[in-house]
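Pasting the structures in now, so scroll down.
One chain, subunit A, appears in both complexes that follow, with subunit B as partner in the first and subunit C in the second.
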Partner chain A sequence: MTKEIFLNENIRQRNRKNKRFRWLVIAGSVITIIPIFLIVANLAVKGVRQINISFFTETAPDTFQAMIATSNGEIIPGGIANGLMGSLLMVIIASLMSIPVGMMTGIYIYENSTSRYASFVRSISEILQGVPSIILGIIAYLWIVKGVTRGYSAFAGSVALTIMMLPLIIRSTEETMKMIPLPIREAAFALGVPYYKMIIKVLIPCSFSGLATGILLALSRILGETAPLMLTALGSPAISLDIAKPVSAVPLLIWDFYNDPNMVNLVWSASLFLMIFVLSLNLLSRSLAAKHKYI
Partner chain B sequence: MGGDRITRGVLFGSSLIIVLLSGGIILSLTGGAIPAFKEFGLRFIFSTQWDPTAGKESYGAMAFIAGTVITSLLALIICIPMAFSASLFISEYFKGTRGADILRGLVDLLAGIPSIVYGFWGFYALRPLIISTGLSDQGFGIFTASLVLAIMIVPYATSISSEIIAMVPVELKEAAYSMGATRREVIFNVVIPSARSGIMASFILALGRALGETMAVTMLIGNANIIPKGLFSPGNTMASVIANQFGEASGLKMSALIATGLLLFAITAIVNALGKIVIKRFA
Partner chain C sequence: MTDNPILEIDNLSVAYETGRSAVKNVSASIVRNAITAIMGPSGCGKSTLLRAVNRMHELYPSIKTTGDIRLDGESIFSMPVIELRRRIGMVFQRPNPFPNMTIYENVVAGYTLNDIRLKKTQRDDIVEKALHSVTLWDEVKDSLFRKGTFLSGGQQQRLCIARAIAFNPEILLLDEPTSALDPVATAKVEDLLGELKKEYTLLLVTHNMSQAARISDDSMFMYLGELVESGKTETLFTNPHDQRTEAYLTGKFG
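On to the complex of A and B.
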């Protein structure tokens, strides 16, 4: 009789613990995602006031203009056009360099997946992906700023971003190629198609959405990068499309605005814009990935 | 057939670019670091003095190494309960439901926010909160930086952990349930032991992320070149000191910063390799 009471008490206690733990997990999960709501809401409330047409068409104001506008209670004139153009320029150059090389390397690893050299390249690419971005800034500084353009330049920034994109492209190429059924390739070979044509007409079209997902994710990763650009592209108050000259970028502008107490209002808007842009790219690539899970 | 050989050659050539690129990175970092190591020897690693005054220049990276390790480990400690409960939510309690998908999507979004936005948000939203607690009058420091860092690495830890937890065989869990175990007991006695190495690897890889993070930490840590004295003491990390001082550096100081970069490279490479080994061996 006493033993039974003891057992019941024991079960009740275990069930209580069980329930408590479940609530703990739910609470922990909610706490984990609270920051994203806080950040989005915070930036939206404070940033939306400055976003208008001139925000996208005009270059960044100087600190004096910003100070006068702030002290009069007006919105700060000017915008982030120089940053937008600089970011666009560097991202395009980085894509032109990293996408072909990354895709070809990914295809090479996939085609020779049994060879030791290919798995060596794969491990190297994994290590490259883990290298902190600031170190790639140092590298682009040593190689390009000192060696090629003899000064801070858009090209140096592009090279840093290229090295960041490469491992992401390589990995996503290899992963998508793996999902292409073997018979499709064999059918092409059976028709006597040359190897390069098989790659261009079969492998790449079949894995197109997967490749697009990988590229979009890589872009969303590098668009927000600041640290390597501080050591390479430096920033510029005017719109410049010369790849041998310093250029600005949206994250660089945020850094400049942040360091200037008169510009604080503009940081909120620039951050809001950058975040929305990067998150939309991110979501777009995810929805692509979900839609075309197999090929 | 000749054409095929060219195609293979081109593919091989681009893979060679990756190898040369990585070799070049290591060579350039080492080459740039040599003057500093020649001048200070091992003192560069163990000294905490960072004095750029011309004539009596002296550089040691210990304060930054300490700052990097302390902020990253603290971030990891804060991150563990968050990532752990999110993984259990996604792969155990609400596995396959819409709620799990939504949570996973939101956690992934955290990885999409640029570092500089985190830094800025931490500066204007989090710092005042910390000042208002009275624990720190500036609001900068190790704790503020680690807190933001923890939020930034949660998605990396969660995505791997939740995948590993989802792979725990149902038979194992059912065997435990059939013995009358409660869900909590199944989690602690079946799920965690069989997913242990994967969960550990996910946290090691998240640590690797935290070590190299630059902008958010630079904006929040207070940039004082000292070994942090407490949770709310300012400090500096290896990545931040490079970001802050590289622009105006030259000569020996430049070499010291590159040497700091080399050390950071080595530390992150070791941590990442460790994570990969743990995953490969036990997964």
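On to the complex of A and C.
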């Protein structure tokens, strides 16, 4: 009898502990999701007023125009077109450089996972991922700004972004390749398909969603990079598509707006735009991953 | 076994690492237009032997193969590998249709992946014929352009057989093709194999003795990498010469 009472008490105590722990976990997860909602809400409240068509089609205003508009209680004229075009230009060049190289490296590492050189490359790529972005900016400054374009340039910015993208692409490629079952590869070999064709016509198409997801995540990661661009692309008040000349970028504009007391309102709108853009890329990559999931 | 074997295996050994052979000095002849079953307990080297026949081991540089295999008298090791694999098709344990391809594309994959150009009418012909041969045509003729992975397991396996025979091989290697299927699908595939032997020579690895007894004409029994005994299935099952064969067949081990 006493034993039974003891057992019941023990179980009740366990249930209480379970419950307490569950609430702790729920609280933790709520704390995790609150910031993202607060950030978007905050940016929306403060920034949505400035967002209209000219926000996307016009270049950033000068401080005098902004001052007049603010003192009249109007919205600040102009927009972020120079930053948009600059970001687009640099991201495209960085993608063109990093995606092929990163994919080839990722496939190489996967295919030769036991070789010593491959694991060396993998570790280097992991280390590269941990290098602070400002240092990559300094390196790109040394190599490109000083050495190649003889001045701040979109190309220098692209190189810095390329180095940031590379390890992300390499890693996602390798991880994606790991998901493809061996029998799929063997099926191709059993049909007499040569090795390189197996990679191009079977491995890459089969892992399309994984590769696309990795690329989109890498893009959303570099879109917000500011520090390396300060040392390389510098910024430009006008729209420029010359890769040897300085260009602006959305995060660079945000920094400029922040430093100009007359343009603080634009900080919110530009941030809201960048935030929503990056979030959409993330959501897009998720839906892609779900839609093309073969394996 | 016969005067005119299609495939002769001559003193073949396969080692995954030096000094440890998974297949030891196996010699055998495979009869044309028949089903030859390779039986034996797990790890006896039967799949390793099968995969030597289309030089699948070459994918893994550490695997060493010695001895010879002759297809119609010609050593397979001196053939271009694409020609060899065109003449010897393979079906795997688990159905493995290419997940990025439709049913139609899967059947002609051997051609498209090797950049062999065909007219559309030729392709249509090949697809229809191959799917008819595996008795899949009526089930999928309205969904040829859906992904192969939408099919059931048994259908997928028949699709994989269709993919292999679309190349019009002389020999089909089957590595436990029904082990991932339910009994109904297994029965369908077994019936199909019985039909296919009219046109092709089938070499079937199975750990399922009753399957070997049901559908094979000849049998090989392997144990610990050695070919213990081979001959007509009927003889081997009713009157085995080797003690180990008898022990396996009566369920004493394996």
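Going forward, the second predicted complex is superposed on the first by the 255 of 295 C-alpha atoms of A that agree within 3 Å, B and C clash if a C-alpha of one lies under 4 Å from a C-alpha of the other, contacts with A are read in each partner's own complex, and residues count from 1 in each chain.
As a working rule, contacts are C-beta pairs under 8 Å (C-beta built on N, C-alpha and C of every residue); 3 or more make two chains touch, one makes a residue touch a chain.
None of these values were measured; they are calculated from a predicted model.
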Which superposed partner A:68 touches (first subunit B, second subunit C, both, neither): neither
Contacts of A:275 with subunit B and subunit C, given as first, second, both or neither: first
Partner chain in contact with A:148 - subunit B first, subunit C second, else both or neither: neither
Subunit B versus subunit C as contact partner of A:35, first or second or both or neither: first
Most subunit A residues touched (candidates subunit B, subunit C): B
Partner chain(s) touched by A:189 [first = subunit B, second = subunit C, both, neither]: second
Touched partner set for A:286, first subunit B, second subunit C, both or neither: first
Contacts of A:244 with subunit B and subunit C, given as first, second, both or neither: neither
First, second, both or neither for A:111, with subunit B first and subunit C second: first
Subunit A positions touched by subunit B in one structure and by subunit C in the second: 194
Of all residues in subunit B, those that touch subunit A in their complex: 3-4, 6-8, 10-15, 17-19, 21-22, 24-25, 28-29, 32, 81-86, 88-89, 93, 103, 105-110, 112-121, 123-125, 151, 154, 158, 182-185, 187, 208, 211-215, 219, 239, 242-243, 246-247, 257-258, 261, 264-265, 268-269, 272-273, 276
Interfacial residue positions of subunit A with respect to subunit B in the complex: 14-15, 17-18, 21-22, 24-29, 31-33, 35-36, 38-39, 42-43, 100-101, 104-105, 107-109, 111, 117-118, 120-121, 124-128, 130-139, 141-143, 163, 166, 170, 194-196, 199, 220, 223-227, 230-231, 234, 251, 254-255, 258, 267, 271, 274-275, 278-279, 282-283, 286
Residue numbers on subunit A that touch subunit C, as the complex places them: 181, 183-184, 186-194, 197-198, 201-202, 205-206, 208, 294-295
Residues of subunit C defined as touching subunit A within the complex: 54, 56, 59, 81-86, 89-90, 92-94, 96-100, 109-110, 112-115, 147, 149, 160, 163-164, 167
